Each structure stands twice: as C-alpha cells, then as structure tokens.
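The following pair of complexes shares a single chain, subunit A, combined with subunit B in the former and subunit C in the latter.
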Partner chain A sequence: MELSQAVIDSLSIVGDSAHVPNKCYQRLLDAAFDGVVDSEQRNRISGDEAFGGVDKAALKEAYAGLVSCIIEATKHDTEAASLEAVLEDCKFTADRIKAFISSYQERKQILQILLGNVGVTPPHIVDVDWRLDYYIKNNHLEKVNQAVYLISLKTEVPGKPGIQDVQFSCTQEQLQDFVGKLKDATKCLEKISASQ
Partner chain B sequence: MEEVDHIIIHSLRVIGCDIEEDVTNLKQFSTELIVSAVIRCLKVINSDVDLPNSLPGGMSAKFRIGTSMAAHIQELGYRGEIGYQTFLYSNEQEIRRVLMFLVDKLPKETAEAVEEVLGASVLLQRTIASTLAQQLNSVWTPPYLKQNSITWRGSPPHWQREGASSLCKFHASHLHIPQGMTDLKRKLPKALRSYYSQSLPYVTNQTVHHNDTSSSVIEKMASEITAQQEWENEWNQAGLASRLSEQEYREKKKNKIRKRVMDQLRQDVQRSGDFAASRKAQDLQQMIDSISSRAGSSTKTKGSRFTHTEQLIFAKDEEKTMSQMGGESEVGQGHSEEEIQNQRDAEVEGLREEVSGLVSRLEQMDLEMRKFTASIQQMEEVVSTQGSTNAEKEEAYTVKKRTLDLLPDAENNIAKLQSVVDGSAQRLVTLANQWEKHRAPLIDQYRELKDLSSKKESEGEKKLEEIKAFRVRMKEVADDARHKDEHLKQLVAEYERMTKDVNRSAYTQRIMEIVSNIKKQKDGINTVLIDTRAVQKEINQLTGKLDRTFTVTDELIFRNAKKDEAAKKAYRHLAALHESCELLISTVEETGVIMREIRELEDQIENESKNKVLSNLEKITSDYQQMKKENTALMAKMKQRS
Partner chain C sequence: MLLIFDDKHKEHLSFLTDTETDVVREFCKISMEFIRKGSNRKIYQGAAQKLKVDVETVQHGVEGLMYLLTECSKLMLNEIDFQDSILTLGFSEDMRQTLLELYLQNRREIRAIMSEMAMDLPHYQNLEWRFDVQLASRSLRRQTTPVVTFKLHIDDAGERETKVLQTDPVNLVHLTKVLDEALQEMKSPYCRRIARNIK
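Entry: the complex of A and B
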C-alpha cells in the first residue's frame, strides 16, 4: 500500500493526541468507517458533539486522511502487519493502532463489497418463471400441436430498482439448447473453482 | 518394511487408486488391487498406455494383460525378473519391488511445482477459485431475502455479494481536502481558513451520490501518488543537476511553461490573424470575381430580366443621345468623319509627346537630385576631414607658437622642460611601482579565490553525483524491500497452504527414525563383530597354547617313556586324550555348521512359505482348468460353426 504525502500528513494529525484527544479517537474512527460504508451516515461526523473542542479544519483534514487510508487499505487487501507499519510511521500510539486495526478487520468484508460494487455488469439472473403452452392450431393450419415454453428470466440490472423481466418463448429444442448452454457455464465455473 | 508399504500406499492413493482405509501393507493387496494399482501407475507415468483399469474375467484376457503390463514395466527400465505371474500369482516381495520401482518413476512435476515460488497471479487465481467454490456450494436464495444483494452466510458466516443490484459505475468527482491545517508555519488567508472550518463539507459528504465517494477518493489518491512519483523522477534527473533549490526549480519550471504557453498562444493568434486576413483577401477577390463574372455574363445575352430591362433603357438613352449628338454635329460642322478622326489623332499624338517629354524631364530632375544629394554627402565628408586637419594644424600651430615663445630663453626653458619631463617620468615609475605593489597581492588573492571556487565547484559536483548515486541506491533498496515484502507475502501464503501436507514431515520424521535405528543396529553389529573377533583371538591363543603345551608334554613324557613303563602308558593316554579332544572340537564345529545350515534352511522355508506357493499352485491349477474349459468351449463353438 502506498499513500501520498498529503494523506500521510493528515493521518499524522489523527495520530497526534494534541489534535485528536483520546476520548474523541474512537468516535472519529467509527464516524470514518460508517461514513464510508453507510450512505445514511455519510455526514454523521458533522453533527457529533464529541468534537466540540476540536479545530474543525484540522478535524476535516484528519477525517479525510482516515477515509483515504481506509479505502486504500481495503483496495489493496492490506494485511494487519503492514497497516500497522504505516500507522506507526504516522506516529500512532499502540492503542490507537490496535483500535484502528480491529475496526478495520471487523468491516473489511463490507468495505470490500463496497469497493467491489464499483463496476459494470450485464444483467444478473436471479430467478426464473416459466409456463408450458400447447399450441394447437392457427388460421392457416388446422393442426400445429407444438409445445411452447414461455420463459421469463428475472434479472437484476445495476442502477434500476427491483427486478427486471426478460421474456421470451421457445420450442423444446431451443429450451434444451439454452439449458445446455447454462450447464456449460456452470461447468466452466466449477472447473475454475476446482483448479486451486 | 511397514514404512515402505505406507509410502507406497500413500503415493498410490495420491495418484487416485481406490485403496480402502484398512489396507496398511502390501500383504493385504488382492490380485485385482495390484493390477489396478500397477495400471494406474503406468498410466500416470506414460499417458499412452492403453490398458483397462480393472482385471477382466476371462483367463486368457488376464494373461494377456499381465504380459503387456510386464512388457511396459520392462520398457521403463525395470531390471528384475517380471512376467504375467508377478501380478497374477503375486509374491509380496516381488510386488513390493515392482511397486517401489513404479512409485519412484512417478512424475515429480507436482512436487516441483509446489517448490517453485508462486506468482501473485497464481495466488489471485487461487483466491478466485476458493471464493467461487464457496459461492457454488451455497444454496440459492430468492432475491427478496437480500438487501442490496448482500448476504451474510457461509461457514464461517461472512458478508458476500450475490447479484448485481448494488453495482454502480465508476464516477469520480473532485474532492476538496484542506491541507496543512496544523502546520503553524503555513500562512493561510483568513477567508480560506474560515471556509475550511465552517463551510467545507466533510469528505464523505462532498459527492452528490454517496456511491461516488470511494471512487473519488481512489482517483484522488492515485493522481496524487503519480504526481509525486513524476516529481521525484524529474527532480532526480533534471532537478538535482540544475543546482537550484526545490522552490526555485519549481518557479523556473513554471515560468518556462508559462512562456511556452504564451509563445504558443501568440503564434496561434498570429497564424489565425494571417489566416483571417488571407481569408478576407480571398473573400474580396472572390467577390470581385463574382461581380466581374456577373458583369461578363451580363454582356452576354444571358442575364436576368433586370439586366435586360436595364440594357434596354440604357441602350435607348444612348441611342437618343447619340442621335442628338449626331444631329448637332451634322448641323454645326460640315467636316467629314475622317477629318475629325485625323484631327483627334493628331491631338492625341501631341498630348502623348508632351507627356513623354514631361516624364523624361522628371526623370532627369530625379537623377540630378540624386547626384546633388550624393555630392552634398561628399562635400560634408570633405568638410569634416578639412575640419579635422584644421584642428590638427591649429594644435601644431599652438605647440609651435609656444616653442617659438620659449625659444628666446632656450636653455632655461629646456632645463625646465627637462625637469618637468623627469618629474613626470619619476612619477610614472613610482606609480608603476605602487601599482605593482597593489597588484601582486590582489592577483594572488584572485588566484586563491579562483582555486577555491573551482574546488568548491568540483566538490559540489562530486556531492551531487554522490547524492544521485544515493538516490539511485535508495530507490533500489526500496524496490528491493518491496520485492522482498511481496515475496514474503507469497511465501507466507504458500506456507499456510502447505501445512495441510502433514505427510511430508511425517515422512522425514520416519526417515530420521529409520536412519537412527540403522545407526543403532550398526553399532550393535560392530560390537558383536568386535566380540567375535576377541573370541576368535582367544581361541587362537588357546589353541596355540595347547599346541605348545602338548608338544612340550609330549616330548617330556616321550623322553620319560623310554625309561618308565608308567610313563609309556601315560604317553599313550595323552595321545588318546589329545585325539579325542580334537575329535570333540571338530564335532562342536560341525554342529555349529549344521546349526547354521538349519537356520538358513528355516529362512528359506519361511521365504517359500511367504511366496504362497501352495495357494498360487492351487490358483494356477484352477486357472488352468478354466483355460481348458474355455478352450473346449471355443472348440465346441468352432465345431458348431463348421
């Protein structure tokens, strides 16, 4: 993990008990982690009265440093040991490092999911509804007698709320082909997962 | 042998043989198991081997498989005796030898791959694989059970994302972060400070959507880091050589860039101005062209109605005036048209001549003017030279006048002049001396200073080079450290994965134990050997002693026997005693040999009994019977066919 000088400077403010008193430290940590993770708490720190005696400008800088450090550490999947070294360079005391690392470990998965959410993807199939219709005849033909499957794939599309339907109809052979393709895809995944 | 069996069974299991858990040594191997294990081994060693995985039912097929297996193994370089009987009528030791050979021949790629240091990509792939495996193993859950498609499950339970509803695109916006707020040395404008402390929102609240916070932070971070690296590179390469302080260098660079931008802009402005001007000129030209072309077209028959009407009107007018004029001239003068024409021509000629005369005169005047200005310049030059000669002459005149004035009292005056000249010469000399006096130390000082400065310069250069070298080394060391860190990480991951493989350590432990056992046994053998040697020595000594005492007593008694009858008897007894003793010893030795033979025979019997001769024989006979039956069946079929 590599941090820019500006972030290191702002982290040093967090590590300095003259600027961030011990009683505020945990509050600041929680606020930073929750501010990154939870959209409802993104501005929680500004309403917090625990920081009454702290210089707001310095607090903003410290907060920004913490947030940057958290996101960067998550991005690189940093181990606790190397994180410790970085924080030590920023003059954190042992207690503060411990508190930071425990908070980090606790929320690491969520943070990683949060970062993993950044990206593009085709619609994601989550469910399927189907119906089998029997097509007996039409105005041209007296006898058709074919099975028609009506498939409705339920997909999740990023950026759209709820579930989107993808509907199509197909004959039995087409459906078999489709199922074969899906099975191939599953097998592919299984192969990858078995190749460790 | 148990250890060997364990190792063999373990490696057979590794390559995928189906060996039951309670099988612990080769004795328990059935014929089918042996055949399948050997075939599996052969297939792993050489993928071209085409043999069925299990033993077929027919006796002749069994025989064929056995021979082809033996042939394959001999191809691999096995040196012992081997044939179909080795597998079908198995003997523990032979099978062990064959299996040991095969296990030894198994490809060791897998082991080597483990020893290789794995790259980061392999590790990444592994994590991907394990995560995928985990997610494949979890059961399907309907989407409405997930909040933003994030679930908490698995064993041990953890957060994971299933589905795509929470994805968002990478969209970074600019973040504003105050810097150096605790640095007392930095001066900030008051307004900015109050903006920072009062109005600026916190980082997580600056973007429009909360989703963009992380991407914005990532981008800001990346850009800062790259800028830092760029700057460092530049500073190392160009900055240090310029010998400016960091700020000065930045200032210089800023100016340079500004100048370049300005130049560029100026050039562009000029170019665009030129372009516009040329465009304008072109436009004008075009306009003129178009007008003229229109005019041209209007002279032709083609034209708009307007031009036609215009033409018509003007033409009428012209005709009118012409006719009027024609009428007047006809009325006023009786001259013919030709005369008028001639008169006019003559007039034109005259005017033309006048004009050309005027022009030539003008040219003449011009030439004269030029001549005059040139002569004026010449004259001025002459005047100035005359002036200077005049001044010289005046000076000469004054000097001569003064000398003439001085002439009447010549001697006195000469003396005076001489003294003046001498005085001035002396003064010059003293001045020169003084100058020399002042000059020498100054020159020395100058040289010293010059030396000093050049030394300083070279020192500075040296230091610069040192600094450069240090920087390079610093970078190298940092890179090295980073590499080593990565290496360490990989190795740690590798190690964590390795711990599953307990067998290895168990094997080494066992090998160590075996080695120590062998050492102990060797020690025991050595002590026994030493003992036997000591005993042999003692025996030799005793036989020697016996021989000597016997000869001595023999001689003594023999000498006495000639005289004494009792001694004769005693001598005879002695001889008998000696003989029977020798006999006794030889019998003892013989019994020893026989005992040894018995032991050997017993060993052989044990070996033979291990070879399962009886059961194998029974098997062979039964197989023989079966073969016979098969043959007769085949014969019967043949007969039926025929």
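Entry: the complex of A and C
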C-alpha cells in the first residue's frame, strides 16, 4: 500500500493527540469506518458534540485521512504488519494502532464486498420468475396447443436502484435447451471447485 | 367440426366442379404459390386463355380454393370433417379425394405460414456461457470472484437481440433449479390433464 503525501499528512493529524485527543480518537475511528460502510453515516462527525473542542478544519482533514487509509488498505488487502508500519510513521501510539487494526480486521470483509461492487459489470442475475401458459389459438390459427413459458430474469445493475427485468418467452423445447445449457455451466463449475 | 361455406364462395368454386382433376391440381398449385408469395394477376390471364374462360372466373376459382385450404388448415379439420365439409360443394367423388389429398399434403405448410403471421412475443433463441474468475478491479485488488457470463440471444419478430448478463455460482445453481422445476411442471398430472382436454 502506498499513500500520497497528502494522506500521510492528514493521518499525522489523527496521530497527533494535540489535534485529536485520546477521548475522541475511538469515536472518530468508528465514525470513519461506519461512514465507509454506510452512506447515511457519512455526515455523522459534523453534528457530534464530542468533537466540540477539536478544530473543525483539523477534524475534517483527520476524517478524510482515515477514510483514505481505510479504503486503500482494503483495496490492496494490506497485512496488519505493513499497516502498522504506515501508522507508526504517522506518529500513531501503540494503542491507537491496535484500535485501528482491530476495527480494520473486523470490517475488512464487508468493506471488500462493497469495493467489489464498485465498477462496471453486466446486469447480474439474482433471481428468476416464470409462468406457464398453454397457447390455444390466435386470430390466424386454431388448435395451436403448445406450452409457452414466460421467463423473467431479475437482474441488479450497478448504479441503478432496484431490480431490472429481462423478459422473454420460450416453448417447452427452448426451455429444455436453456436449462440444459445452465446445467452444463453448473457442472463445469462443480468440476472446477472439486478439483481444487 | 364442419366448415360452412357461404353462397358466394360456393359459386366461386362451382367453376372447378366441371373441370378435370388435373385442372384442380394445377389450381391448387397456383393457390399454394399465392399463399406463399402473394397473388399474381399474370398467372390468372395465362390460365384464363388456356381454359378459354374469363380472367375473373379463374381468379375466383383460385381464391376460393385458397380460402378453402386456409380455413380448413386454420381449423385443423381432420379427414372426415374435411370430406363432410366439401360434400355440399358439388364435387365428384374423385375430385373430393383429390382435394383431400391436396389438403393433407399442404396443411402443414399452410399452418406454418399462418403461424408466422401470428403475434409473437420476444422468444429465446440461444444461450452462450463462459466462466471467468475476476482477479482485480480498480477499486479492489487481489480478488478471486467466480463469474459466469451469459450471452442471451432473443428473437423479437425476426429481429435478433443479444443481452450480456452475468451471475455468480450460487445464483446459477438457484436459476437452474427454479427453471428445471418450471420444466417439470408441464409434466405434472394437472398440466397433462388440462393439455389432454384441450383438443
């Protein structure tokens, strides 16, 4: 993990107990981690009276430094030891380093899931709805008499709220073909996971 | 089920009752050609000259035959119903046999042509899949995320559309299971009973 000088400077403010007193540190740390995980928590420090004695500009910079450090560390899956070295350079005390690392390890998994969802991917199938009809006749033809399935694939699209539908119809043979191919794909995955 | 002809239709077909079976065969060939590709007046004129009758008579004969063939095919009349239906048209026994033979020969094709005309929903055509493991992205390095990517081909009234979709192994297993259940449902006693009773 490499941090820019600006981030190192900001982190040094967090490490400096003249700017961030001991009693505020844990609160600031929690606010930074919660802010990364939950977008609704992002403004929490601005109205928090616990930071009354802290200079607003320094507090803002400290918060930004922590958030950058958390995200960079998560992104590179940084080991505790190298994280420790970075924080030591920023004049963090052993207690502050320990608190940071335990919060980091506790939330690393969820942070990585969140970061993994950032980016461009095709619509991701999460569920499927189906309906079975028996097609009897139309205005040109009587006695059509065949099964028709209406399939609706439920997909999540990055950056779009809610579920998007992909709909199509298929006959029994076409669904057989579709399911056959899905089974092939499933089998392929099972083979790969079994061989590892 | 019997097909009921109105008087005008009977009159149009009456011209054919006095001709040879070869003429009926030829007319049927023309009718099938027109059902496939649309009508062509030039052919009426040629036939009218050959048979020494009005162009209109030929046109009515062909159109009457086209109507007879399409209506019977539309209703999917069986052999007996077809024979009973044309009984009132005044054709000889030989001619009726010829018509029946021509009807049975062409029914499948006529139904295929008519089913193309019918309203259709966008339907499944093909599925391609591949399996990837995502290793890194701008926002997250050191990943091992299995991804199944699909290319779904959908046919919407002759227009091909492809959609790129993806899923993960857990959802793939779920998707396969749910759709397999859908497939089995058609084989259930309930669905089979309904299908059997709709004839």
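By our rule, the second predicted complex is superposed on the first by the 174 of 196 C-alpha atoms of A that agree within 3 Å, B and C clash if a C-alpha of one lies under 4 Å from a C-alpha of the other, contacts with A are read in each partner's own complex, and residues count from 1 in each chain.
Throughout what follows, a contact is a pair of C-beta atoms (placed from the backbone, for glycine too) under 8 Å apart; a residue touches a chain by one contact, two chains touch by 3 or more.
Every value quoted in this text rests on a predicted model; they were computed, and no experiment measured them.
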{"item": "Subunit B versus subunit C as contact partner of A:D127, first or second or both or neither", "value": "both"}
{"item": "Partner chain(s) touched by A:K75 [first = subunit B, second = subunit C, both, neither]", "value": "both"}
{"item": "Subunit B versus subunit C as contact partner of A:S4, first or second or both or neither", "value": "first"}
{"item": "Subunit B versus subunit C as contact partner of A:N22, first or second or both or neither", "value": "neither"}
{"item": "Partner chain(s) touched by A:G119 [first = subunit B, second = subunit C, both, neither]", "value": "both"}
{"item": "Touched partner set for A:Q176, first subunit B, second subunit C, both or neither", "value": "second"}
{"item": "First, second, both or neither for A:Y63, with subunit B first and subunit C second", "value": "first"}
{"item": "Which of subunit B and subunit C A:F168 touches, first, second, both or neither", "value": "second"}
{"item": "First, second, both or neither for A:S102, with subunit B first and subunit C second", "value": "neither"}
{"item": "Common interface positions of subunit A, toward subunit B and toward subunit C", "value": "75, 115-116, 118-119, 121, 123-124, 126-127, 189, 192-193"}
{"item": "In the complex with subunit B, residue positions of subunit A that touch it", "value": "2-7, 9-10, 13, 16, 19, 32, 35-36, 39, 42-43, 45-46, 55-58, 60-61, 63-64, 67-68, 71-72, 75, 79, 82, 109-110, 113-121, 123-124, 126-127, 154, 156-161, 163, 189-190, 192-196"}
{"item": "Residues of subunit C defined as touching subunit A within the complex", "value": "74-76, 111, 114-115, 117-119, 121-127, 129, 131, 137-143, 145-150, 152, 154, 163-169, 171-176, 178-180, 182-183, 185-186, 191, 194-195, 198-199"}
{"item": "In the complex with subunit C, residue positions of subunit A that touch it", "value": "74-77, 112, 115-116, 118-119, 121-128, 130, 132, 134, 136, 138-145, 147, 149-151, 153, 155, 166-172, 174-179, 181-186, 188-189, 192-193"}
{"item": "Subunit B - residues contacting subunit A, complex", "value": "125-126, 128-130, 132-133, 136, 142-143, 149-150, 158-161, 163-170, 175, 177-182, 193, 196-198, 200-205, 210-211, 213-215, 217-218, 220-221, 224-225, 228, 485, 489"}
